[in-house]
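Shown next, in structure tokens, is the structure this report addresses.
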């Protein structure tokens, strides 16, 4: 998939015993999580009980210069966040981590997910005197924890209590003056795992394992669906009162969100994508000369299709590494340029060939249409499009920001109409049956609601229809 | 006074019936209030009930570029804020206006002052479940208003209720979806006045009248101590239940904070400063050839001293208009440069003369010492220092951020010691008796607590001693 | 004068024996020269024969951050430059100092002035193979020096030779690997003086003496008209073969360009401005209550008018110190705001008074009209405008960038028409006779060509008419 | 190869008959050429004879914002340039295109290459009065053309004359008021090709064909070694007086510099790299389970090795797309992070496998050592390194900026020592014999001097030894 779906958020937390400057760990980890969110980012560091933070719009590279890092550079506990993009909202009001002050101590909250009862909770707190600064569900969660905390003793007991109220998808990393807490909703819809620093220096909680390698930590285990992990100077403690079932991990994490080199619930993302490609070759075989993938996310599936079909894999499309977000749109006379400047066909690979091109999904169809045109202009005789996921026919209530146009094209057009619209010789989607098998062997069940319409939680009827378009998920 | 005391904040609000882009008014007014705070600033605009805002560290010039203004550029009500500087704190957490969301409607709060019971209130709200994002008293006030609002109907009734709880100095401008509220604490310690746009287009509430001229509005009247002014499409309404006494305006507003061309409580700041100079000439006469002032704030008092004493006024010191905040400190070999680059002696004015130099106060003495040295190097035969305010011998609890070194020099050294330390031929401070008369004819009484130790409100004993150094006033 | 005429350039050079980081001297001096040019600036530093430099558009404050200064921070000789603004040209091609490489050694050239035969010289060099990078006369001068240098031995002998060819106004500071050269055209139209560092550490050449104080140096003497001063490890050497006459210093340097605390040719600028005010009081007396000046440049003349007339001086207009160059123009509804935000009338000074307002010149009249309107709105009963220079009736060929509208209003309207146009009760310009006396006692004669039409050099007829509008002077 | 060798420059020129805003074409093309130089870039546009330009340090994305593009946005002819990085020099003095003014008309010069007689020419021009602003050979070329032009009539005749003097590698795009000129040195060491806009709207000259696709143009042909192509309103004219031989294209253009989807002298870069991988498999076979490539430049060769050897290709290393040039180096405790943050091993691909890893060259060995360590930590049983080029044993005089450490490791260590140093199980370089065959079928001969020591031009003995380290090539 090429620049279509809006991505997830990424969370990070670190607790060390001996290291005195965890900021660089957070900074480095956020680089490794950047694919989960490019709109804003932030780091909060605990300097002997005082929480300092820096948040801003833009990439890690934009927000954190030397001065910013140095201003945070003392502390043994930190949390970080990268956030995805939803255009049209004044999102700078809602950058994370959320940092709040309270008589029971300050708290920083990093969050990935989407609550289904946030509006209801928000109103109930407001009627008790709460005021909200942001649009983020993280602030609702902070109130739920705080409300419990006035009665309960510890922050973990408060979170345990709060989790009885908050419903939906959430992977949380919370920092208190003394502790780092990692928690996952009872369905485990968003990933979260634990790592260990060398020599027992400390622990990390992070959305994806790829960030562990970046900071020199080793993978320990996934946080269980519903589990609360408490990391303190006493070590790791696990609270499992909300652990009821196997969980329902978002299957689209494997297909698109996560990075190839991450392992989620025991299954490598690269392997799952390879398998998606293999299933695709079984479901939609075609007589062709070369299999190519749309970089970067569909390369793995293309290798899987090639392996299963025996058709050679080729480097048929290359991506320009220098096109930033600020590419200025050219004039009318140069239409298609904004895609052509990012992607190029390699003529020597596709010329005179029957080409199978693998992508992970179709949104509006425009990008796919231009890619097919480029391939034909470079001499491809046939272009067969294969998609490593089923069509989006349903909304996601748990944080996948599906472009409504993606749903539209899938619901309003037949397969043949889409094929004709994009100009392909043939078109094939992965089946719902097989998409649930791409990560077979995982320690969990899956949510494929956006494809199948079957959700692990009952969705209240009163959730406004327009949430389908503009969910503010984190 | 030259770059010594930390300054106040400035608040602004506008309500119009017909204008659709009040952002430019706020922007222009903040320029005119910039002398009250250079650390951060912000504007919040009400676009048919939705509050958008932009806040940032730096001058109005730094924070608001064309893009920022355009992003806010719709709405008929707005509030703005400039904030002063206290080094050492992570003040970017506490930029204003504070914008909060609530089931009763959003609210934006601009605030100048300092509460004496903010810590007590903060804790009581936290024990009811409140969480705080900032260190600002504005957030405490927001909770006090919100708490009342759940019970009371209107925002003005809620503020009226809240004012029973909050104690200290505050000038407030609050924006709700439909209204603009201006209010001053019952002692009226910080200034706040009302203006009117031409042709009855709308109203403005602002810290100083100088900002009214800048936006083309005319002065209406000061907000009364304790008054709540409600501006809505129904016009102006006044609530005076907290108006008990004549008030105790901070006298230092006349001496230093406010701009020469502002009128506060019926007295022009320029006139008050002239009078301070005149008193000074009466209290500390000296046989001399020329009277000069340290630009910019002591020029008026120098003219007053000249007028009273008959000694001619001269342009003996000029200020470099191009030295920004980022002047990079030169090497050891070039000591004194950072002052010399900002201020120069005009040799043709002072050479061979007995010079009276007027300043408004002394902090550490370093700057005064260098100024005297510059004047002597330029040929001054004698240098007589006169200060248009008494020595700072007491803390301020109401928002004047007195450098503790200013208090130190005044408390720990005798007048003769200070004179010798700065290298003056003679030294004279304005008396406490006369400082309270500089604005005689005003519609109010005065607070001169930082000079006299007499405060209009009882100061709780438990206020931590270190608040003297590092009050977070707004 | 308030933001009307475009300003001059400023040049600086330093040669030291012992100091190893002259960059900070150049940086500090450019701040003190900033009033002579705000469009661009630059510093070139000689690090043991290698010339490094940094130039850029904007104020010293914009172009030189810590990193830029550190990148230059080695060397014992340096030159600097500030440049004025001419809108509409791509002036970033022509920032100075010019730095050129040549087999006889590199050279950096700082320049203030305007040549009258630059086009002719430029073409003659081009026909010999020269190529030009910039539009600056400095490059023409560099070619003239280089051409001579191939034949002559030393850089000073080459400059001596070159000065036979270049005609017009120029104050030059040239740096070679071993020497610093300061030179002034034979008419000495633009100022240039020498200063000495403490303890014989080195020498400085600079446009105005005010910059000497800023860096802790003392005034030595003015460079003579036509003189070439060579500063090297052998000390100071003077070449006076081009010193023919007393010179013709631009009188507008005293009226407007230079800073109050500078001394040029033995006369203090402040004194000359006072005297202009005194002459004005004699030429155009008026019965009034207060004399005020338009800040900053007309304050001195206002004090002179007050002294001569006996009418008290008052602080009737104040300038906002925070309005940078990027103030964003407000909407139509807020016309006049861009001036009102920069200047304010002090009502308590002018209300009910007959006011004499001193400015140094009128360009279009718009600004003066708005100032008068502001004064009347603040209660002034009468407003009498007095200008401390005669009307601009002629072009300047030597670097004063007179706005053609200034010439237009002076040539096309009668005095009465201008008075009515700006809305003054009376209007008086300083006479040409007296403007030439403001600096009486100076060591030189004067050029008042822009007022009188009499120039110290014959102006070639073929100088294009449009040079009047858009001279590229430096 | 991963971030090791410094890259080449890229040149671009466009001539249109009908399009009025060629700036967007230049901007888009420079994005497509960005891989050839990331240090600085620039565009010059010809607006009816007047050349405007913008140059700056940084990526196209950094230098050209909307305002910069709009300031250039008129003209029918343009040239552009991207420049590579050589640390330690003040390269901002030498950004291109060079723009010079001359009585025969202005000229803008874009240049890729390195002259071997530039110092000699530079001195000869200086002795005739020339002055140089930059360190770039482009300025020497400009003087050579200008010198000829005073005698010759046209710019193309002047270039033809100049080419008799300048010796070395150069691909030039020159813009005059009426023409666009493209020229290549007689050995054709650097690439340059021509493209055509749709509907005969105009022509393009550019370093690599990949940029033609980006702007919607089609490939026409390569410029011949020694050819001068003149594009004007009369169409295309070819001057072939310097076309003597087949040429000697730099073979490293295929191996590393150029982009996979470019075609140079009739051979696709992707094909040449595949072939390099195939030769490598023949020369250095190994019993292994998976072949992986170091992204991005070694992926093609890895596919070639896989194809030839039959060992499956795997996605064993992935590159982080978000790591910009400003990644801040972490503390000592996190060594290796700067590479680990950019590259990750995909554990599921390499774990338990015997891995062949293909790179294009080794510089210091540090990066390769860390990559091997990462692969072993991810479970690789064996790691066999194969390089798609021979060792660098000789300097390049034609613009390839070989890191002297690359030469050092190749000259000072045996193959076994390098293998042990990097920790590989085996190591194999492509042979010199085969590197010259990777582009067999091309219309030209090759220069492989950096590998073989055999150069197409006699290198003068007096070329300073240190040029090996710090050549300023463009």
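In this document, chain identifiers A, B, C and D correspond to the written order of the chains, with residue numbering beginning at 1 in each.
We adopt the following convention: a residue touches a chain if its C-beta (ideal position, glycine included) is under 8 Å from a C-beta of that chain, and two chains touch if they have at least 3 such contacts.
Nothing here was measured: the structure is a model prediction, and the numbers come from that model.
Participant: Give the chains in contact with both subunit C and subunit D, ordered by label.
Facilitator: none
Participant: Sort the other chains by how far their Cα centres are from that of subunit B and give me the top one.
Facilitator: Measuring from the centre of subunit B, the most distant chain centre belongs to D.
Participant: Between subunit A and subunit D, what's the gap in Å when you average each chain's C-alpha atoms?
Facilitator: 37
Participant: Could you please state the distance in Å, as a whole number, between where the Cα atoms of subunit A are centred and where those of subunit C are centred?
Facilitator: 60
Participant: Provide the C-alpha centroid distance between subunit A and subunit B, rounded to the nearest whole angstrom.
Facilitator: Between these chains, centre-to-centre, one finds 48 Å.
Participant: In subunit B, which residues are in touch with two or more of the other chains?
Facilitator: Nothing qualifies.
Participant: May I ask you to sort the chain touch graph into line, ring, star, complete or other?
Facilitator: ring
Participant: Inside the complex, what are the residues of subunit A that reach subunit B?
Facilitator: The touching residues are 52-53, 71, 90, 93, 99-104, 107, 122-123, 125-133, 135, 142-143, 146-147, 150.
Participant: Touching residues of subunit A toward subunit D in the complex: what are they?
Facilitator: Interface residues on the subunit A side: 19, 21, 24-25, 27-28, 31-32, 34-35, 38, 59-61, 64-66, 69, 210, 213-216, 259-261, 263, 268, 270-271, 296, 299-300, 303, 307, 312-315, 318, 320-324, 326-328, 330-331, 333-334, 336-337, 340-341, 344-349, 374.
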